[in-house]
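Listed after this line are the structures, all set down as structure tokens.
In the two complexes that follow, subunit A is the common piece, with subunit B as its partner first and subunit C second.
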Partner chain A sequence: MDPIVYVSLGAALAAGIAGAASSFGVGIAGAAAAGAVAEDEKNFKNALILEGLPMTQSIYGLITLFLILMVSGILGGGFKFKNPNDIDNIIKSAILLGAGLTVGLTGLSAIPQGIISAAGIGAVAKNPKTFTQGIIFAAMAETMAIFGLVGALIMIVTGVGF
Partner chain B sequence: MFKPEEMAKIDIISLGRYKDRLLTYLHEKGVVEVREVDVKLAQKDAPNEFYRKAASYSISISRLVDFLRAHRKEAGGGLKEFLFPPEKEKRTYRYKSIEQLIKDVEAFLEKVEPEIKAVEGKLNATQTEIERIKANIAILELLSVLNIEVDYLKSTDMLEIVVGTVERDRYRALMEDLKEVVGQRFVSVSKELKDKYLLVLVFLKGDYEKANPVLAKHSLERIEIPEGTGTPRDLIIEYNKKLREKEEELEKVRKEAEWLSEQYYNETAFYHELMENERDKATILSNLVRTNMTFALTGWLPKKNVPEVVEGIKQLTENKAYINIKDPKPEELDEIPIKLKNPKFIEPFEMLTEMFGVPKYNEFDPTPIMAFTYSFFFGFMLTDFMYGLIVGIVAAILIKGHRHLRDGTWRFAHILLFSSFFTMSLGIIFGSYFGNALDLAGFHVPRLLDTMRGALTVLEIALAIGLVHMFIGYTLGFIVKIKNGELKDALLEQLSWMLIISAVVLFVISENHPGLATAAKGIFGAGFVLFVLSELKNGGLAALLIISDFFGFVGNWLSYARLMALALATSGIAMVVNILVQMIWGIKIGPLSIGLALGVVLFIGGQFFSTAINSLGAFVHSLRLHYVEFFGTFYSGEGRKFEPFRAKREISKLELDVEA
Partner chain C sequence: MEVTAVTGILDTTLALIFTWVGYKTTRILWKYTPYSYPNARIMAMEARLFSEQKFNELAESKTLNNFVINLEDSDYRDYLANLPSYDAESIDRALDKALAGIYSLMFKILPKRVNPFFRLLLQEWDVRNIASAVKAKIRGEPAVNYITDLGTMPQKVKAIADSKSMEEILVILEGTEYEEIYQKLLLGEIGVDEFETQLYKMHYSKLLEYAESRKDEEKVILKEFVRLRIDKLNILTILRAKAHGLKAELIKPSLIPGGTLNRKTIDTLLNVEDLGMALAELDSTKYGEIIRNVREEAERDLSVLDRELERYIRQRLRELTRFYPLSVAVPLNFLLQKEAEVKKLKAIAKLIEDGIPPERIKEIVGELT
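For the complex of A and B:
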């Protein structure tokens, strides 16, 4: 494959999978939020914050997309790894694909995070004091996405470099 | 600091006639946590008739308060009230006895309740009437297609007239069935509506009995013909006139309700608060015991409050009280309520500790350390001078607005203010002002480290911080356990990890000083042996737990990588916003530089969004690092929080008025 295919696949999968997973997560939490607000409008602020938690994975995906575009030169300047006959170009662009895939797949954690958020929204509707606890529970699921971002970053910085 | 407030146990026995005023005194003082008296001999106390009345009045008054609040003129709410909640005036009540208080409340209710109930009744009646008129108008509009005087639609002595609607697909069947039952002896008029037929059926009185089941079978929806004479159109005009009259009346009644609200809302809310507090007082009575003449009460209070409370009780009871103050005994360890004690500027952080759970009486209060590390972690994850400034300004406004309330928002704002200092300082170190906005604008920004380009260095720093943080935790646990005489646990569970962490640090240093490598290996070995020993108590599972616990430790350590990941996320989102703004900056349509306007909007909106979402992330993950990773090293949080017997006074103030 040409290096450009690797690179664009990496960028697309990072933002694409993580973004899709985030929308699933937000969707699940949003359905619960609508119910909680119907019960009592005062739940709006708390429900909104909990609903937003599964959104971070898509942000990690977006950041990775931008990083991949930057280090490969697509953003600012020109594509650095054009020559497909240079093995170094193949290696570097394949690493970028791996980095993007790491963030994309760990971004799937947005879906279970949405489920936890939804449960948290239900709990907050019953007892507003459980708000922070609900956030902490939901933040647990994000750990994997954070590890994914850290891993991808190490791959990009050590494997390709700015 | 570091240790919870010293507590003392108090036992009080006094004469029954002082009980009411003594309870009231303690309730207003709010420094004693009342506990159940564990004496089999004596009888448990229970609320008397006046307390039961208080409970029932508190419910009936709360209904009045709800009604009056719904009709208040000033709406309240909104952002302004959230930022600057108004200071509430406190009205004083001179408390003689519960009997007198109930009498006062009854007098107040006698005056006010009928008035409010009357207006409420009138309001409801008018609203019902308006609903009825609206329903009639809707019916008349339906009938207006017939253009028949409504009088003709009413049954007479001889004829039974039915008006109703039926589903379109049932109309034909209905007519056929009717013919079968009553033959030709009925008349029908029908009009086609959207998906229904409007039907007027005229039967002879005698036939109606037979026809009725058929109508029910085809689910004919009957229409009640409204009162009045004339065609539907004429009647609609009449009814509309009535509607306007009623609406005017409703407006008048609303004004009355508003007037009542203006007149009585504050007073009603005041009495409501008084009754709520009496109700609260009544619930504590079951913890007391009594004999015919005396009662006994027990509880905990902070040692520093002992002299004034004892003095107060003596005065109230004219020295006819037995008071016993005891220091807590070791076997009462799980009973002692915990009140955290910290200097003023750290106090808001107690909120974070309390959310997890307070320490036991012989444990360490982690609040002071958390005050520093929490804010630092928050700052590390947000790392932007401008974001820190925004958070700081919002926090400062909230602190100013809520300073008279000292509520949760006020304390939370303090935490944010502390955190914003670290955010700004770290933002300067990382040279981040709205991310790389200044760089893109062509300025040369000094920075010690770039989050993005120096990502690996930042990761190393994050992991080093993690090691230090966990080492502090294990050391604290070690000290506490030594102090409490749990030498074995201190060595095996705490020192083992302290040694392992020291060894890791030595390994890193030994890269430059090879001589240290052997020492590092030795220390690691010693630590690991202690760790293995600590797991042996689990018997058969030991081997499994050694593996899982050791990697649990590694996992906890690596979890600190989120410090770097979130710092990067901040600069990443800011960068994305900045690049997008830069892209559209130059767009021009003719002479209009539309990109400039769009760019400014996008920049402000995007950066505010980034501030909000990254602050939320920093808040949550900083808290998580403390609750999961840090507290896991030494802290149980299994203490019992001090919950004093305390009156809630927002708009009222009680003055104890007793003849000495």
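For the complex of A and C:
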């Protein structure tokens, strides 16, 4: 494959996988929120906050997409790794693909986060005092996505540079 | 390294990663997504289950009119709204309807891959009603006193209770799965006790078969639930038989296969001399602890053990709910709690109608907890 394909794939996968995972996560938690609110409207506020947690992975994906497009020159200039026969270009574009993949795959944590949020919404509906604990449990899944983003930033900065 | 080799490694790695991630993600979504809406809704309903304080308030109602008023802010309001009269029987039927409403709701909101189980659970009320009505008919008692409005065929059950002859019941049961067993009873091939046992055996084999056909944790939870219920029925059958001094060969045909108690334990239980020894034999099983706590009372009155075993099943379901918050354990646990709540409400209504003082009602209802 050409370097342009790897770079584009990296950017697309970062935003695409993380975005899809977020939508699944929010979907699972959203269904639980609807169930809790159907029985008692007072659950709305707590359910809304828990439902929103799996959205952050899509933001990390979007940040990575912009970074990849910027460092490769696709955004704001000519593409820097045009020559497919230059091994350096292949390696740099592979690094960008890896960075995108890291954020995309760790962004999949949005799905289990949605599951945890759904369970948390159920727990809060039964006992509102468990709200803080529910947030903490769901936030645990967020750490993987943060690690992914940090890893991707290191890869981009040290492997390719601005 | 050649450029083509590098790109080849990258492409293969990508393909492998995506296949694995796609498979895992699909499985996770398939497993948990269908439970997120119903389980959150059920847990919100659990928050409205009555506390001990609420039962005490209801026990102090003094009249059935006040009892109904005290239930106005609850889920039972709609079912109690248009009662023709405030007597224990009408309230009883209204509460049965409320419970039937819960079963219907479970059937409606739970994932399709598991909701037939709740229909099967509702059929247990058909089995109870048919067995009770037929037994009452044979004894020459009014069958209508022994049936409830719960089940999948309340009209047929009512028709059985109102029937003039045993042959008429066969016509009513025609086309149902109970027809063949009833025919055997009518032809004198089996007695009324065996008729009841065969109904339960058929019902529990269907429940077990369904549980076995599920996958992963659904299978684990449903199987454990059904097997615990079978254990409860078998233990009580053996102990009641032992209390009446029946021999092993008479008890054995009444047992339902499929419980968690092993063959050796059941054989030993069947062959012990009396109730005391049977209770001692159960000491080494998982029910040992609960039996030890109520052994003396149970020797006098087996309904104590009935309640304890029911409580044990509820406790086990609660544990499963904690392990699997997005699973079928949550609706099952709720259903058991709701059944217990309805049972207590019916008891309170009956005791109020009988003019029992509130303090005594609280004691009796406390024992039911």
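To be clear about the criterion, the second predicted complex is superposed on the first by the 162 of 162 C-alpha atoms of A that agree within 3 Å, B and C clash if a C-alpha of one lies under 4 Å from a C-alpha of the other, contacts with A are read in each partner's own complex, and residues count from 1 in each chain.
Here, a residue touches a chain if its C-beta (ideal position, glycine included) is under 8 Å from a C-beta of that chain, and two chains touch if they have at least 3 such contacts.
Since we're looking at a predicted model, the values are computed, not measured.
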Room on subunit A for both subunit B and subunit C (clash or fit): fit
Touched partner set for A:F147, first subunit B, second subunit C, both or neither: first
Subunit A: partner with more touched residues, subunit B or subunit C: C
Which superposed partner A:V7 touches (first subunit B, second subunit C, both, neither): neither
Touched partner set for A:V103, first subunit B, second subunit C, both or neither: neither
Partner chain(s) touched by A:I135 [first = subunit B, second = subunit C, both, neither]: first
Subunit B, subunit C and vertex subunit A (Cα centres) - angle in steps of 10°: 50
Subunit B versus subunit C as contact partner of A:V160, first or second or both or neither: neither
Subunit B versus subunit C as contact partner of A:A15, first or second or both or neither: neither
Contacts of A:I59 with subunit B and subunit C, given as first, second, both or neither: first
Lowest C-alpha to C-alpha distance for subunit C against subunit B (Å): 7
Contact residues of subunit A, present in both the subunit B and the subunit C interface: none
Touching residues (chain side subunit A, partner subunit C) in the complex: 1, 6, 21, 24, 27-29, 31-36, 38-40, 43, 47, 84-85, 87, 90-91, 94, 97, 101, 105, 108, 111-112, 115, 118-119, 121-123, 125-127
Subunit C - residues contacting subunit A, complex: 1, 3, 6-7, 10-11, 14, 17, 21, 25, 28-29, 32-33, 36-48, 109, 325-326, 330
Contact footprint of subunit B on subunit A as seen in their complex: 49, 52-53, 55-56, 59-60, 62-63, 66-67, 75, 132-133, 135-136, 139-140, 142-143, 146-147, 149-150, 153-154, 157-158, 162
Residue numbers on subunit B that touch subunit A, as the complex places them: 355, 452-453, 455-456, 459, 558-559, 561-562, 564-566, 568-569, 572-573, 575-576, 579, 613, 616-617, 620-621, 623-624, 627-628
